[in-house]
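Okay, so subunit A shows up in both of these, paired with subunit B first and subunit C after.
Now for the complex of A and B:
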């Protein structure tokens, strides 16, 4: 039976030297996915570049998500397999590879928690499997809240459910603020990175609590 | 469609009805029959001679021939017999479903038994697909070999594979499987652009002789349901409640890009289930009043049709009357009110609303963020459905598009994108269910989470567990539950040929790649030895590549047999005609032939008649007929001569 399973999301550091030139028309490429000039798809796998590079933006926590989405849609129009369905086998293979890389990069950067996780990984970790600790008082609170959800659901107590939901939102928001603060302060210091690891682990507990809420109680826009 | 490019048609392969549509520069259009009907009932009727009828004709025969009339095939697609039996699904079907013997242990294939012949759900669906293909070919005036086929968004990998297999068996290259609500959004979204006043070329005239309002997706012909969105970027929901399945998808539409944010649903919840509530009521009351069980397949089929009609009537009327003659002066009479019906179906509607809430949560939006709720599928005609959807989303559903046709039209638009004839629409879809592998202790280790954008790729690193281990077994799962046993098994495979090394040393990278069809491809490589394994995950309830191949051949064979049947009839008619004519000529001018030749003609004539009556070998009959025609050339000449002489001066 297999053991020792872990995600390997670390980008390779020794990418090609910049600026990257299009192999078809030799113009410099804005995104290493495809050439904006001639539309040629890059034969290099997207895993050779970090996610920020793919979008041509600076590797920072504070990014403009609306701008990121615009870039994502523009790039999708160039690399999505649908739009090269009629071209060569090789081009279609490239499109599949590039668009799966692009999708993953977008999903990661568009979500603040995943973005922070990714920045931590770029800065050298610790990775989730290397340190699974959480603030000690958190575990107890999570257990209590979980019980309160189950009770409220059982007894159909809408008001109690709303209370728990608000507490979960509050706890999660607090963690998210902390994550943002740590990322902004820079991740060169190993102590900062360890603390970030701790808060990122905590968010997972808040998320799982939120998923434990019945859908009817959890409705309401998180981030409209 | 430019003449040099091969047409790709869009097919909505539905539980109760199927449709085919094409899209050219003027827009998508559903292909209709002479009566203007686009829907083909997904019903097959098998005659005792093996002949199959499809569609309305088959539906009409359902009551006379309940054991050999197959419907709701979609509910069987990609599912094993054990699973179907456990779900209670089979109790609702009058035709027999059995477990097909398989040479490979552990595989469980369900098949329908018709006149002693076993047919798998993909083979049966293929017959419907072939009907649609032929309809499209007749309309386009050229052969059709490529199609985009839609599936419920919540279809799992095995169900998608089964749909693809059906296409292949029907002789179609399935260039893309797309999700039904996404297809609907595509048709809706392009309509929105028209309403926003952007220049979109409109059809100058419909190609069929139909009223314009019937043939297009053009919402400008609508009778004002809801106001169009004011800005080009908006979040919409597609509530797709069909005959057998329910889907909810939340999408963001921006400038021709259709981005699915989340999807949820139930592949075993549809109009069929609402019919079954009425069927259950009738059966219960008949038992109470008359002490009778409705058991005969013909009566059950009649009740099924009745229940469907009651449901449809209750959408427009406040009550429906039922009358069933049970024989022997026993007549069951009953009035069902809409209120009563709504009481029966409320639990089902509640389940669709739970899915809607889950989808909104996954998309990170609330009802207030959703600009439009597009209603798709025949079951959205039910007033209770519309009311409850309106309550949940705080706005009336958008019902201006024909809920039966919008999916096929969206599929045709996507077909045009893939054919390269239009580039103004791009679908960015997600996978509906998480994918992962069984890890130590029987847990589900998720590699790719639900609602992840596709295409996507994830790699996991594995190693061996004992020293010198040369293979690892990987069990691929799909689902949201924590335990492997509660998830759907997509199959297991082994990576063999790992060089013997101490435990934990080999580096095995297993990559899950979900392609643009939402179908999983798995590859594995052992990094130290660069040993690569080509792996095909064969779903436990699906067909192997070899089986699909064989069924494709067989279906061609059957097509040929069908043709042979026609040809035999034609040839026998020809034999009857030619021999009668020869008989006539022999009577008139036979005496002018040598007696030996007269004898030979008579002998050959009898032989030909015998052959035509006894043999099914069309080729042999054809050859004998040709030989006979040559044999009678002299006789025919004499007959013509005689005719000329008679009519001459």
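Now for the complex of A and C:
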């Protein structure tokens, strides 16, 4: 759950943290992670930054993941722990902290559900622990589908299993579409944010159902 | 993490597993879930005309602690009135099953399930009462 920690540690929007100055040579830092001038590593872990700002992209749901990956690889090289293997203990510690934070930032933005969670957190929540509600009837359906999975596996009913598999894929896809739609509509309205929380909770149940499906050669390629 | 003997006992010999007829007016059904782990728990109670719980069933898809918590919950609610059953606290389940801190949410789920089932049957009983005062009493016979 990557959204819990960063929320409280993000700097104030109008805080004194930008432009960042290198603490070693006092020049403005282009990358928030390390100074291009003297190579000093920023002591702040990336969790201190807005992930979108960290990668220099707009805070939107629709992002170019290939572009994000390129930006991630460029930033990764500048803080790779191997680069500072022979440097001071403090620098090695910073490099580890920065690269693990950078990985977390990339994983969060690269995945649509985690990205939506993050956008919701930036917009003010509710966070997962604050609101665990789900759409009406969902839990009952989850219960039924789990029973049907167990029965189909026990009785080796491939056709029944295929039906359940289809229903889970359909339910999950519907949730993912809804998440994208809500994020695109903007998250200023608290009612929209509550609905997004609801659908993000629902998708966890669909994921869990999917994980309980037995592996099947007939399941075909995974739809994103 | 090792499960306590009591958790293992409930896990291996779950009490009152199964379903009651959810359309029976004397049966209350509570379905609750934990989004963080995807666990779902169904707890059902059946009351007599004095609102005493005469039967309880559960079905849980989740970890051993969630199964044990709901199994224990069905044992504990049987024979209690609805108001007595509302007094059951998740902390008592934690103590009885010696649940570690990471599994406390399983006991919370069981308490939530008891409350949801009680709320459901109360809604049925009280909702039926104004129009037809005999519904509650006849329902428990069927």
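Please note the rule applied: the second predicted complex is superposed on the first by the 183 of 224 C-alpha atoms of A that agree within 3 Å, B and C clash if a C-alpha of one lies under 4 Å from a C-alpha of the other, contacts with A are read in each partner's own complex, and residues count from 1 in each chain.
Here is the rule we use: a contact is a pair of C-beta atoms (placed from the backbone, for glycine too) under 8 Å apart; a residue touches a chain by one contact, two chains touch by 3 or more.
Since this is a predicted model, take the numbers as computed values, not measurements.
Chemist: Per the overlay, which chain contacts more subunit A residues, subunit B or subunit C?
Modeler: Larger number of subunit A residues touched: B.
Chemist: Which partner does A:167 reach: the first (subunit B), the second (subunit C), both, or neither?
Modeler: neither
Chemist: Considering only the touch criterion stated at the top, classify A:86 as touching first (subunit B), second (subunit C), both, or neither.
Modeler: Once the two structures are laid over each other on A, A:86 reaches subunit B alone.
Chemist: Return first, second, both or neither, reflecting whether A:77 touches subunit B, subunit C, both chains, or no partner chain.
Modeler: The answer is first: A:77 touches subunit B but not subunit C.
Chemist: By the touch definition at the top of the document, which applies to A:104: first (subunit B), second (subunit C), both, or neither?
Modeler: A:104 contacts subunit B only, not subunit C.
Chemist: Between subunit B and subunit C, whom does A:96 touch in the aligned arrangement: first, second, both, or neither?
Modeler: In the superposed model, A:96 contacts subunit B only, not subunit C.
Chemist: Could you tell me if A:148 is touching subunit B, subunit C, both of them or neither one (first, second, both, neither)?
Modeler: A:148 sits against neither subunit B nor subunit C.
Chemist: On subunit A, what residues does subunit B touch that subunit C touches as well?
Modeler: 1.
Chemist: Any idea which subunit B residues touch subunit A in the complex?
Modeler: So the residues of subunit B touching subunit A come out as 175-176, 254-255, 257, 259, 354, 357-358, 360-361, 364-369, 414, 417-420, 423, 426-428, 437, 439-440, 445, 452-465, 472-474, 504, 508-509, 513-516.
Chemist: For subunit C, which residues are in contact with subunit A within the complex?
Modeler: The contact residues of subunit C facing subunit A are 31-38, 40, 42, 59, 61.
Chemist: Per the contact definition, I'd like the list of subunit A residues that touch subunit B in the complex.
Modeler: Per the touch definition, subunit A meets subunit B at residues 1-8, 73, 76-77, 80-83, 85-86, 96-97, 99-101, 103-104, 106-107, 215-216, 218-224.
Chemist: Within the complex, which stretch of subunit A touches subunit C?
Modeler: 1, 128, 132, 134, 139-140, 142-143, 146-147, 201, 204-205, 207-209, 211-212
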